[in-house]
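Two complexes are shown next, each including chain A; its partner changes from chain B in the first to chain C in the second.
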Partner chain A sequence: MSSSLTAGDLLQTTINFLAVGGLYALIALGYTLVYGILRFINFAHSDIVAWGGWIALTVASGFGWLGAGSPAFALPVVLLMTMVICAVMGVTIERLAYRPLRKAPRLNVLITAIGVSLFLQNVGLLKKFFGNRPSTISSLMENKVLATIGGVQLRLFDMMTILLTLILVILLERFVYRTKMGRGMRAVAFDERVASLMGVNVNQVVAVTFALGSALAAAGGILFALRNDLRMTADSSWVLLGLKAFVAAVVGGIGNVRGAAAGAMLIAFVEVFVHRYVIAAFPDKPWVGQLQDIYVFGILILVLLFKPSGLLGKTTVEKV
Partner chain B sequence: MKSVQERVAALRPNPAVSIGQSIVPFVVAIALAFLIDKFVGPAIGATWAKILLDVGIAILLAGSLNVVNGYAGQFSIGHAGFMLVGGYAAAWLTFYGSVHWFGTKETYGGFLGDGQLLFVGGCILGGIIAALLGVLVGLPSLRLRGDYLAIVTLGFGEIVRVLGQITDRQPKNMKVIKEQTMGELANNLGGAEGFSQIPGYTTLFFVYVMAFVLLVLAYRLKYSSKGRELLAVRENEIAAEAMGVDTTRAKVVAFVFSAFFAGVGGSLYAHQLGALDPKELGFMKSIDLVIIVVIGGMGSITGIVLGATILVVLPEVFRSFADYRMIVYALALVMVMILRPQGIMGVQELWETSLWRKLLGKFRGAAK
Partner chain C sequence: MNLNTWRGPIALVACAVLALGACDKGKKDNGGGGGGSGGSSGSGGAKPPEGGTIVIGHFASMTGPQATFGISTDQAIKLAIEDRNAKGGEKGKKIELVTIDDAGKQSEAVTAVTRLINDHKAVAILGEVASSLSLAGGPVAQKAKVPMISPSSTNPDVTDVGDYIFRVCFLDDFQGWVDAKFAKENLKATKAAIVYDQGQAYSSGLADNFDKAFKELGGSIVTKQAYTGGNLEITPQLQAIKSAGAEVVFLPGYYSDAGTIIRKAREAGITAPFLGGDGWDSEELPKIAGPAINGNYFSNHYLADEDREAVKNFVAKYKAKYGTTADGLAALGYDAALVLFDAMERAPSLSGKDLRDAIAATKDFPGVTGSITLDENRNAMKAAVMVEYKDGKQVMAARIEKK
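For the complex of A and B:
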C-alpha cells in the first residue's frame, strides 16, 4: 500500500481536503453567525442546506437545464436564484418561529429549531415538494478536467468549490468588518440591549444574519449535491453534514467568522487527510476505513477540553 | 437536662421503621408492575399493550435524562449513546449466554426462570457499563458549561455510534458461537448491520418495574439534600459552590445515575425490538428524549410521565395521517414552545400545583 502514497496522491488528497473544507466552511458560517447573535444552535440549518440542493434541482429542471447541452451560465443562475430563495426562507423561519421566542430561555429556542428542522424534513418528503426518492443535479454542469498535474486530474467541481468558498468567505468577512450593517451585527452579538439603545435595529440585523447564513447554506447544499447524490430531505446524511459543519464552527470558536473557516479546514483535514493516511498505514485492518467520524468528533472533544471556547474564540469569565 | 445528642437520638425514628418505609414504595412498584403485566396488558389488546410498553421505556429513558438535564441543568444530547452501550452489553449477555448455557437462541424458562434472570443480569450489566461511561462523560462537564457540554455529549453519542458500527460480524450459527468463549465474542456485536435475533425478554412487568423504581429514586433524589445540591448547580453554579456544594461531585453523580438507567432502558429497548441498530440510536434518538423532557417540564417527574405518554401515544393515534403526521408533530412542537415555554408542568410536580391543592382541599372538606 505504501507505494500508492506518491506525490500525486498527496496532491489529490490535498485537493479533496480543501474542497470538503470549503463546503464545511460555507455551512459552518451560517451556524456561527446565528450563534454569535442569538446564542442558540440553529438545528434547522442543515435542512436549509438540503432544501438548497433540492430547490436548485427544481429551478434547473424548470429551465430545462438538466442533461447535456445546458448553457454555461446555467450553474451561476441556478446558484444565485437558490441562494435568494433560501435567504427568503431563512428570514421567514426566523420571523415566524424564532422571533416570538427572542426573550425565552435558549433551550426553548433550541427545541423550536428542532421542530422547524423536522417540519422542513417532512414537508420536503411530500410528493408536492421533492418526494422521497434520491435524485441528482450533477448533470447541471459537466465535471470537466481542467488540468492534469503529475497524473492528478484537477476537476471543475473541486476547483469551483474551493474558489467559490474563498470568494464568499472574503465577501462575508468584508461585510461583517467593513460595513455599517456588519458593525451592527457585531454590536448585537456583543450586547443586544446596549446595541438597540445605540440605535441598532436588532430585528433587521437578525433578519440579515439569517438571510446571509441561509444563502451560504444554499450554496453549500448545491456544491454538496454536485459532488454527491441528492438524498431525500429527511435523510440522515444531511443531519451528519450539518453536525460536522457545526462541529467545525465550534472547534474554530463559535461566533467567530474566521474561526468557522479555520475550524472547517481542521475538520476536513482530519476527516480527509488524516483518514487517507491512516488507511494507508494500516492496510490489514479494514475497520480503520470507517473511522473518519471518530476523528471529527474526537478532535471536537479534544479542542473543547483544552480550549473550551474554540481555537479562535474569546474566553469569557463569568463574574459574580 | 438531656444533651443535644440524646435529644436528636430521641427524635430519630426506629431504624426498623425507616428501613420499612424505604422499602414499601419498591414493593408497591413491583406489585403495580405485576398488575399492569397481568391485567392491564391483556385487557387493552396487543397494539395498545405495545404502546404501553413504549411509554414505559420512554418514561425510563426521559426520566433518567431528566436528572442530568432537569435537576442538574447540564444539557446532554448524547443520551442515546448510553442506551446503545447498555443495549449492546445486555444483548451480548443474553444472546450468546442463551446459546452457551441454555442451548437455544429463543427465550428460555418461564416467569423469573433462568432465562429471565439472565435478562435481568443483562439489564444490570448494561446499566453498570453505561454508568462507567457516564463517569467518562461527566468528567468533561467539570470544565465545560452550557452549550459546550451539550456539544461534547453530542460528540460522545456519535463516537459510540461509529464504534458500534465497526464491531465485528455477529455469528448466528449456534455451533460457531459455542466454539468461542463469551470473552472472545465481546467484539462480535454485529457492526453496521446491527445486533439481531436478541431474545424478546422485555415484558410490561420488567419495563414498569424499572420505570417505577426510577420514578421512586428520582422523587427521593429530588427532595433529598443531594438533589437540592443538583438544583443549586442548575440555578447558579458559582453560588452553589459558594454555599459549599461540591459541584464537581454533584454533576458526576448526576451523570452516573442518569447513564445507569439509560443503559437499563437501552437493554429493555433492545430486548423488545429483538435488534439493536446503531444508526437508530444516534443523534435523533437523543433529541427525541430531550423533547420529552422539555415538553413535560424540565425537572418535573410528573411532567416527564405526562410528556412521555403524550409524545409516544399521539404519533400512534395520528398514524392514519401518514405523510402529514410528522409535519403536524413538528408544528405542535413549535407551537408548544411558543405558547407554553416552560413545558406542560413547568418545574412543578402535579401535587405542587394550585389546581391539585384546590381539588385536595375540596376532597378533605367533603370528607369532614
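For the complex of A and C:
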C-alpha cells in the first residue's frame, strides 16, 4: 500500500500527531506539577479536564455563542473564563480534600483523589450540571480551512491546538524558572520542610500549582471537546484521555515539566504516526487498528523496563 | 456509580476502595449474583403475580451515550400500556410498567433484569435496544424463565440465548444486506470502506454482514477499520479510508460516535457518502454532526413519514403525548408491547411457560413497523427502509423488501 503513503498523507499525519501531542501535553503537565510538589498522583485531574470541556459549553451557550454567527472573540473569552473557573475548582479541591491529608500516608491521599474523581464524575451527570447525554461544542467556532498545502487542508482547530500548547508550555516554563513563585515551587519540590524553614509559604505554592495544573487541564478539555465532542463527565473516554496523559507524564519522567511535554509527544507519535503507518501496512486487517491503545501502553512498559525514571527523569536534578 | 469507567493500572486501587468502602456498587453486584441463582431454582418470575396489577419490566439506556434509544422506547411502551389500561388491561388487571436504567452498560443491564424479575416480579421483560445489552440481560431472563422481548436488538446472537428470548425487528444479516444492496444498486458504488465499533456486538456483527453481502453483490471492500466507542481520536483510520478511495463508507456505529466521526471525516476531506444501520436513529445525530450529516443514509425499521395507516395513527398519538416525532426505536418499542399484550390475551395464564408459548405463536400481527410473525428462531422478518438526511431531516430514500 505504498501508494497511500504520499507526502500529503505524511503532512496530514504530522499535523494530527502534533495536535494530539499538544493536547496530551497540556493535561500531562497537571499530573507532573502536582506530583513534583506533593508526590502523589492526582487521579481527579482527568475530571477537571472533562469539567473544563463542559464548563466551556455552558459558558458558550450562556452567551448564546453556539451556532452560526458567533463572534471571533467567543473562543478566547470562553477559554479564559473556563481556565479561571477550573483553576478555582482545582484550588478548592486541594484546600478541602488534599490539604487535610498533607501529613497522612500517600495511599490515603491517592484514595481521596479517586473519591474526588468519582464525585466530580457523578455530580457532572446531574441535570443541574451537565446532564447525562453527550453533546457538542464544535459549533462554537467554524473549523475553517486556513490553507491548503499539497492537497492537505490546514484546519483552524489543529493549528490552534498546536499554537496554544506551545504558548502555554513556554509560559509555564518561564513561570517555573524565571519567577519568585516558580523558585518557591522548585524549592518545595526539592524539600518541603527545608523550603518552609527558608520562608517559602508552602500552602500558597501548592495552591498556585493546583491552579496552574487545572487551568491547563481546562484548556486541554476545551481543545479535546472541539476535536472529539463531549461525552458525559462519567464516560470512560475521559478516564482514558487522563490515563494517556498520565502515561505521558510517567514516560517523560514524572515531576519534570519538559519531560511531560516530551512524553506527550512520544505517546502521540505512537498513537497517531505509528498507528497510521501500521494501518497502511495491513489494509485488510482491522485488528491491527484495534491495537491502538496497546501501542500506547506498550511504550509505558518499555520505558519503565529500560529507563524506570522516565525519559528525562534523571538528567534534571530539580523537580517541579 | 461509575467505578467501571476506571480501567488499567488504577483498577487495583479501585478494587481496594470497593473492598474497604463496601460501597453501594459492590452490594448491587452481590445482589445480581444472588438473583441469578435464585432464578435458576424456578422461583423467580414463574409464578403469576400477586396483587392488583400485572408488572412488565423494561430495562433501557435512559442515560448515557445511547440515552435517546431508551427514552424513545420507554415513552412508546408507556403509550401502549395507557391505551391498554383504558381498555381494561389484561385478565381484569391493570398493567404496570417498571423501567430500570442500565446507563448503556452491560454490568448494569444484568443488575436491571435481575431486579425486575426478583424485586418487581415482572411477568415479562421488554428491552434492550443495544444488542450487547440484550446479550447481557437475556441470560438472566432465560434462567428465570421469564419471557423477554427485545424491541430492536438486531444482532443474530440475541435470540440464540434461549427459547424465552424474542425480538420484533429484523436481523443484522438482513440489515447488512439491505445496506450493501443500496450502496451497490442505488448509489452505484463498487468500492466500499467499513469503519466499525469493535466494542459493540451490534456494530462488528453488522460490519461483517455488510462485508459479506457487498462482496456477493460484486463490490469490493477497500479497507476495514475499527475504533472503540467514546475513543474518537481516529484520524489515522480516517486517513486510511480517504487514501483507499472508497466510494461509500459503511459506519454501523451508534449515533453519538457516528455524529462525531462523520463530522471529522468531512473535515479530513472524505467526500464519499456514509451509510449506517438503525443505530443512527436519534434526534441527537444531526445535532452532533451538524451540517455534515446531510447526504448520508441509514437503514431503519420504519420512517415517521411513511404512508401507512398504522404509522400515521401511531405518529399522531405519540406526537400528541410527547410533542416529538416518534423514531424507529419508539415504533419498535410500541410493537414489542403490543405483541406482548396480544400474547397475554391468548395465553391461558401469565406463568412464564404459558406466556412464552403464546408469544412464540405470534403470527401476522399488524404492528406499526409492519406485519410481525415470529419464526422458529423467535425473530421477526420485515422490510427495511433506507433513510436519507436532507437539510438535517430524515427522508425516505428506498424501501427494501425481504430477500
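Rule of thumb we're sticking to: the second predicted complex is superposed on the first by the 313 of 320 C-alpha atoms of A that agree within 3 Å, B and C clash if a C-alpha of one lies under 4 Å from a C-alpha of the other, contacts with A are read in each partner's own complex, and residues count from 1 in each chain.
Please note the rule applied: contacts are C-beta pairs under 8 Å (C-beta built on N, C-alpha and C of every residue); 3 or more make two chains touch, one makes a residue touch a chain.
Predicted, not measured: the structure shown is a model, and the values here were computed from it.
> Once the shared chain is lined up, is A:Gln290 touching chain B (first), chain C (second), both, or neither of them?
both
> Quick one: is A:Leu243 in contact with chain B, with chain C, with both, or with neither? Answer first, second, both or neither.
both
> Let me test your reading of the model: by the given contact rule, A:Gly150 touches which partner, first (chain B), second (chain C), both or neither?
After superposing on A, A:Gly150 lies clear of both chain B and chain C.
> May I ask you to decide whether A:Pro76 touches chain B, chain C, both, or neither, giving the answer as first, second, both or neither?
In the superposed model, A:Pro76 contacts neither chain B nor chain C.
> Just to be sure I read the superposition right, which of the two partners does A:Ile111 touch: chain B = first, chain C = second, or both, or neither?
both
> Using the touch definition from the top, say if A:Gly64 reaches chain B (first), chain C (second), both or neither.
neither
> First (chain B), second (chain C), both or neither: which does A:Leu304 touch?
first
> Can A:Ser139 be said to touch chain B (first), chain C (second), both, or neither?
After superposition on chain A, A:Ser139 lies in contact with chain C alone.
> Overlap of the chain B and chain C footprints on chain A, residue-wise?
Touching chain B and chain C on chain A: residues 111, 114-115, 118, 121-122, 125, 236, 239, 243, 287, 290, 293, 297.
> Please output the residues of chain C touching chain A within their complex, sorted ascending.
1-10, 13-14, 16-17, 20, 63-65, 67-68, 103, 194, 196, 198, 221-228, 230-233, 235-237, 239-240, 243-244, 256, 259-260, 263-264, 267-269, 284, 287-288, 290
> Would you pull the chain A residues touching chain C in the complex into a rising list?
Touching chain C from chain A are residues 3-6, 9, 12-13, 16, 20, 43, 110-111, 114-115, 118, 121-122, 125, 132-136, 138-139, 143, 151, 153, 155, 227-229, 231-232, 234-240, 243, 271-272, 275-276, 279-280, 283-284, 286-287, 289-290, 292-293, 297.
> Hey, which residues of chain A end up touching chain B in the complex?
39, 41, 97, 100-101, 104-109, 111-112, 114-119, 121-123, 125-126, 236, 239, 243, 246-247, 250, 254, 287, 290-291, 293-294, 297-298, 300-301, 304-305, 308-309, 318, 320
> Note which residues of chain B are touching chain A in the complex, please.
Interface residues on the chain B side: 75, 140, 143-144, 147-148, 150-152, 154-156, 158-159, 162-163, 165-166, 192, 238-239, 242, 279, 282-284, 287, 290-291, 294-295, 298, 323, 326-327, 329-334, 337-338, 341.
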